[in-house]
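Shared between the two complexes below is subunit A, which has subunit B as its partner in the first and subunit C in the second.
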Partner chain A sequence: MNLRRKLVDKTMTLIPLLCVIATIIPLISISGYLLYQGISNLNWAFLTELPKPVGEPGGGMANSIVGTGIVVGLAGLLGIPIGILAGIYLAEYGQQTRLGKTVRFIADVLLGVPSIVIGIVAYAVVVVPMQSFSAYAGAFALAMMLVPFLTRTTEEALLTVPDNIKEAGLALGQPYWRVVTGIVLRAAKAPIFTGVMLGIARIAGETAPLLFTALNNRFWHQGLTGPISTLTIQIYNYAISPFQDWNQQAWSGALVLIILVTLLNLIVRISSRSRYTQR
Partner chain B sequence: MKQRSSGAVDRIFKLLTTGAALIVLALAGMILYQLITQSWTSIKAYGLGFLASDVWDPVFKEYGALPFIFGTVASSLLALLIAVPLSLGVAIFLSEIAPVRIRKIVGFFIEVLASIPSVIYGLWGVFVLIPLIRRFQPVVQNVLGFIPIFQGPPYGYSLLAAGVILAIMIIPTITSLSRDALNGVPNHQREASLALGATRWETIRRVVLPYNKSGIVAAVILGLGRALGETMAVTMVIGNQPQINWSLFMPAQTMASLIANEFSEATEAIHLSALVEIGLILFLVTFILNIIARLAVKPRKTKGVSKL
Partner chain C sequence: MNQVAINAKDLSIYYGDFEAVKSITMEIPSNSITALIGPSGCGKSTLLRTLNRMNDRIVDFSVDGELKIDGESIYAPGVNLISLRKKVGMVFQSPNPLPMSIIDNVTWALKFHGIRRSRERMEIAVESLKRAGLWDEVHDRLKDPAVKLSGGQQQRLCIARAIALQPKILLMDEPTSALDPIATRMIEELMISLKEDYTVVLVSHNMEQAARVSDRTAFMLLGELVEYALTEELFSNPKDQRTEDYITGRFG
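Here is the complex of A and B:
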């Protein structure tokens, strides 16, 4: 083998390694700044107090943290059952049917719809008729993003269940719905749960669909039919504000958000690992 | 009797799941219906001229989408220019070069990168990336300042900032999809090439990459789709000026960032309607891109084998 080819091989196989390093640098920078900037303001008061008026130091994001919990929780209540049921349809009834193929395709396309567009639709469907920005509107927007995601993850989860387990159930004279709920769903519990957790982590970090649905609130929310603060919107407002104190709090809010999202991802990793080792 | 009741439950269960599946379809229908009806005033008032006019002035009720189409396309193409080579490099590293242990670690990092919320990318952009651009802009201009795309005062908030942020955000998408495409290349193809005396790089370039070209194209298209619709991070760093300027260092505005900025403050019906029409354009473009990506990814296994 001549030297030139050898040299080209050595240099060209080095380039991918450089790409990896270039890709990881922003990740290190982001996590470094999050920790360094975020931790300085992160204390008990930040987690338990309301925002202070401009100019007054201190205050926290308690209302935003609770708000994110409420909006994401409502979105889950609405989106999880629909998403999982639609996923069951795709895996158990719609594998080859025309409706099944269409739904699968549309769910994939919905996953690619920009979240800001989802926000517009939620505004038109919920905010305009109710004549108020509300927790419901924000939850509706997030649920619209959750449903197609869970539809696809649930379908994939159910398809991992081997057919012979199902056939064993049917051979015992079980009706199909019992086989699906009692055997297939149970066997696929872990990957379905994974999908739900990842879906929740995804919508918890969304900002754009909440801009003109949940809006924001500098105080505790007054019921679910009024504007409500969320972590992401609060981070956004504080980040683009001209006040240094608020900029600092944006970093702390971002640290709280990333810890929440990472916790959800960790739960997924730990739960899926323990299940694999059990088998 | 028991038989009969379980038959009824069976039907109800099937009906329930079918209903949920129909809701997914209804969601798509609702999005399209709402976007069209809500933007109808603007569609009727401005027609196709909406796409060609470069004036956006709510005070004089003049609405044109061109600056935002420009900003969206320019920032996304810039992002692709940065992200595609890097992502392909990482994907090649993950599927062809790295030992299994390192694959897992790097794969994990890419996953983490994908899970960071976009508002946090924006925050980092505002306080880290933009000061960085401000500092290095004069350095670049000293050398390359005669080229129009490098001219302009050091705002920091710029097309370049948006392109870089978008690139970082779509790298995980393109990387993981093209890694899957490369992993789909059967090993006997690699072995055949190596047996003929090809080096590892020659195998990657001549055999592995061409084998699943369509998968990589699909990965790039899906990355593009994500970049076009990305809102928060871009809104925070692009400067939000409705202008068409070819310099990388000048502020611009995208369709998504326009909606994010003006939607909740639009009081006039026609303003709101024009904003929704921008949303409709965005929806249709990403919809079509998704369809193209999905058509491209259809496996053509037989073709690859017969080529050998």
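Here is the complex of A and C:
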């Protein structure tokens, strides 16, 4: 009997362990293979030079790296405030109102819309009126993906703040807005930042919404109203090309993208650590 | 006899159709400790949270009758909740420090109440921490997160935070129920010293506590105010059979 109990215990511990390993294997093998394929071409020139014409060796993706930074940065500038403020509205003001429920429903639907469709919308709304592919159009498309995501993650983050510290603020004669800004947002800072990071990482890796919004550019972008190169599109173009050296550079581009996203993640994670909340 | 701080007349409190407090009439004198006792669900916490209008957050909450603090009806239209809650402070059942440093916990609310200079806020905070008997334990780590304090210390911090606003009334909703006996004793001694300056209304599950610290005790049952008298009298010579049953432990 005792033996059986121990056996069951061991098996039940083993099953989750196996699942953990099954989760880690793809992660490690992807990053490992990426590193293996990408590292050979990853040098200073790759980070600082423009792409070379076909057949000429060397060259880099400097314009794409900067382009991704610009497009994702613009998308963040537009999407982060809107998403977070909408999340605050949902959690603190419109929890049970009709408007709140509608916004939440729309955000959920928008989250499930395929990114290529978002690209088409951005094409119709920004590219067609402006008569040009542009960094703005790409950023608009990415922001449209970022906003519903941040709205929901911010709402979830704020809802984890226990009610008793809100009551503490109210009982001190503070208006609700001050309880929200001074207590609730402070307490939920870390999960909100995590949401922002995940959102940024997600849109930085998007290709489809940029296909016919930011388009691509083999040179430095000429202002934000013209086509701009991004890492994902450049990786796509290079990966499907028939040229061996381009294929190889696509791997390096992917490696750069992963490294950038990971770095961003680490920086914000460390800086947003809150001293004042439990856990 | 002191002045009357809180005056309720035919006060009923409803959650939707449910009458949680039934037509209560009582006067609470200032600079004293009044304990509200009774079994769970008797309406004592509801009554307490009505005194600073914390219940306003509950959607279908409503009151009927008269409730005056310092002679002014607090449910009259146009009452300013912010100044009401500044005047009527509250300490909660479980310590609820704000997610900030020890000192900021005390100074945070002051800024909004018109104390602009940070030095002045600091002075008030130090004074309040001393008053709450916490200063000696925290003076060398004021910048530490408040959540690092022990439960009893956190509760005294919450008291310091409340008295920093210089309220007239201090509501305490079972302030020691989450604390160990030593921390409980410190809070009880603090309560007794606080009544020099404040009117304390205490909700307690613990009859010994009510008997130890309060001047007057109100016994509530199923929303009714069964008996309200000087504490000594209520515990030694209850007028109502139900009070006697409760304090002798026959039910509740």
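By our rule, the second predicted complex is superposed on the first by the 233 of 279 C-alpha atoms of A that agree within 3 Å, B and C clash if a C-alpha of one lies under 4 Å from a C-alpha of the other, contacts with A are read in each partner's own complex, and residues count from 1 in each chain.
Here, contacts are C-beta pairs under 8 Å (C-beta built on N, C-alpha and C of every residue); 3 or more make two chains touch, one makes a residue touch a chain.
From a predicted model like this one, the values you see are computed outputs, not experimental measurements.
Chemist: Decide which partner touches more residues of subunit A, taking subunit B and subunit C as the two options.
Modeler: Touched residues of subunit A are more numerous for B.
Chemist: I'd like to know which partner A:Ile200 touches here: subunit B for first, subunit C for second, both or neither.
Modeler: neither
Chemist: Taking the superposition on A as described, I'd like to know which of subunit B and subunit C A:Ala135 touches: first, second, both or neither.
Modeler: neither
Chemist: Now for A:Arg178: first (subunit B), second (subunit C), both, or neither, which partner does it touch?
Modeler: Both: A:Arg178 reaches subunit B and subunit C.
Chemist: Between subunit B (first) and subunit C (second), which, if any, makes contact with A:Val261: first, second, both or neither?
Modeler: first
Chemist: Looking at A:Met61, would you say it contacts subunit B, subunit C, both, or neither? Reply first, second, both or neither.
Modeler: neither
Chemist: Touch test for A:Ile165: subunit B only (first), subunit C only (second), both, or neither?
Modeler: After superposing on A, A:Ile165 lies in contact with subunit C but is clear of subunit B.
Chemist: Is A:Met144 in contact with subunit B, with subunit C, with both, or with neither (first, second, both, neither)?
Modeler: The first partner, subunit B, only.
Chemist: Just which bits of subunit A does subunit B share with subunit C as contact spots?
Modeler: Correct list for subunit A: 175, 178.
Chemist: Can you check the complex and tell me which residues of subunit A touch subunit C?
Modeler: 162, 164-165, 167-175, 178, 182-183, 186-187, 274-278
Chemist: Contact residues on subunit A for subunit B in the complex?
Modeler: Its residues touching subunit B are 1, 5-6, 8-9, 12-13, 15-20, 22-24, 26-27, 29-30, 33-34, 37, 81-86, 88-90, 92-94, 99-100, 102-103, 105-110, 112-121, 123-125, 144, 147-148, 151, 175-178, 180-181, 201, 204-208, 211-212, 215, 232, 235-236, 239-240, 247, 250-251, 254, 257-258, 261-262, 265.
Chemist: Taking the complex as given, what residues does subunit B use to touch subunit A?
Modeler: Against subunit A, the touching part of subunit B is residues 6-7, 9-10, 12-14, 16-25, 27-28, 30-31, 34-35, 38, 85-90, 92-93, 96-97, 106, 109-110, 112-113, 115-124, 126-128, 168, 171, 175, 197, 199-202, 204-205, 222, 225-226, 228-232, 236, 256, 259-260, 263-264, 275-276, 279, 282-283, 286-287, 289-291, 294.
Chemist: Write out the stretch or stretches of subunit C touching subunit A in their complex.
Modeler: 52, 54, 57, 81-86, 89-90, 92, 94, 96-101, 108-109, 112-113, 145-147, 158, 161-162, 165
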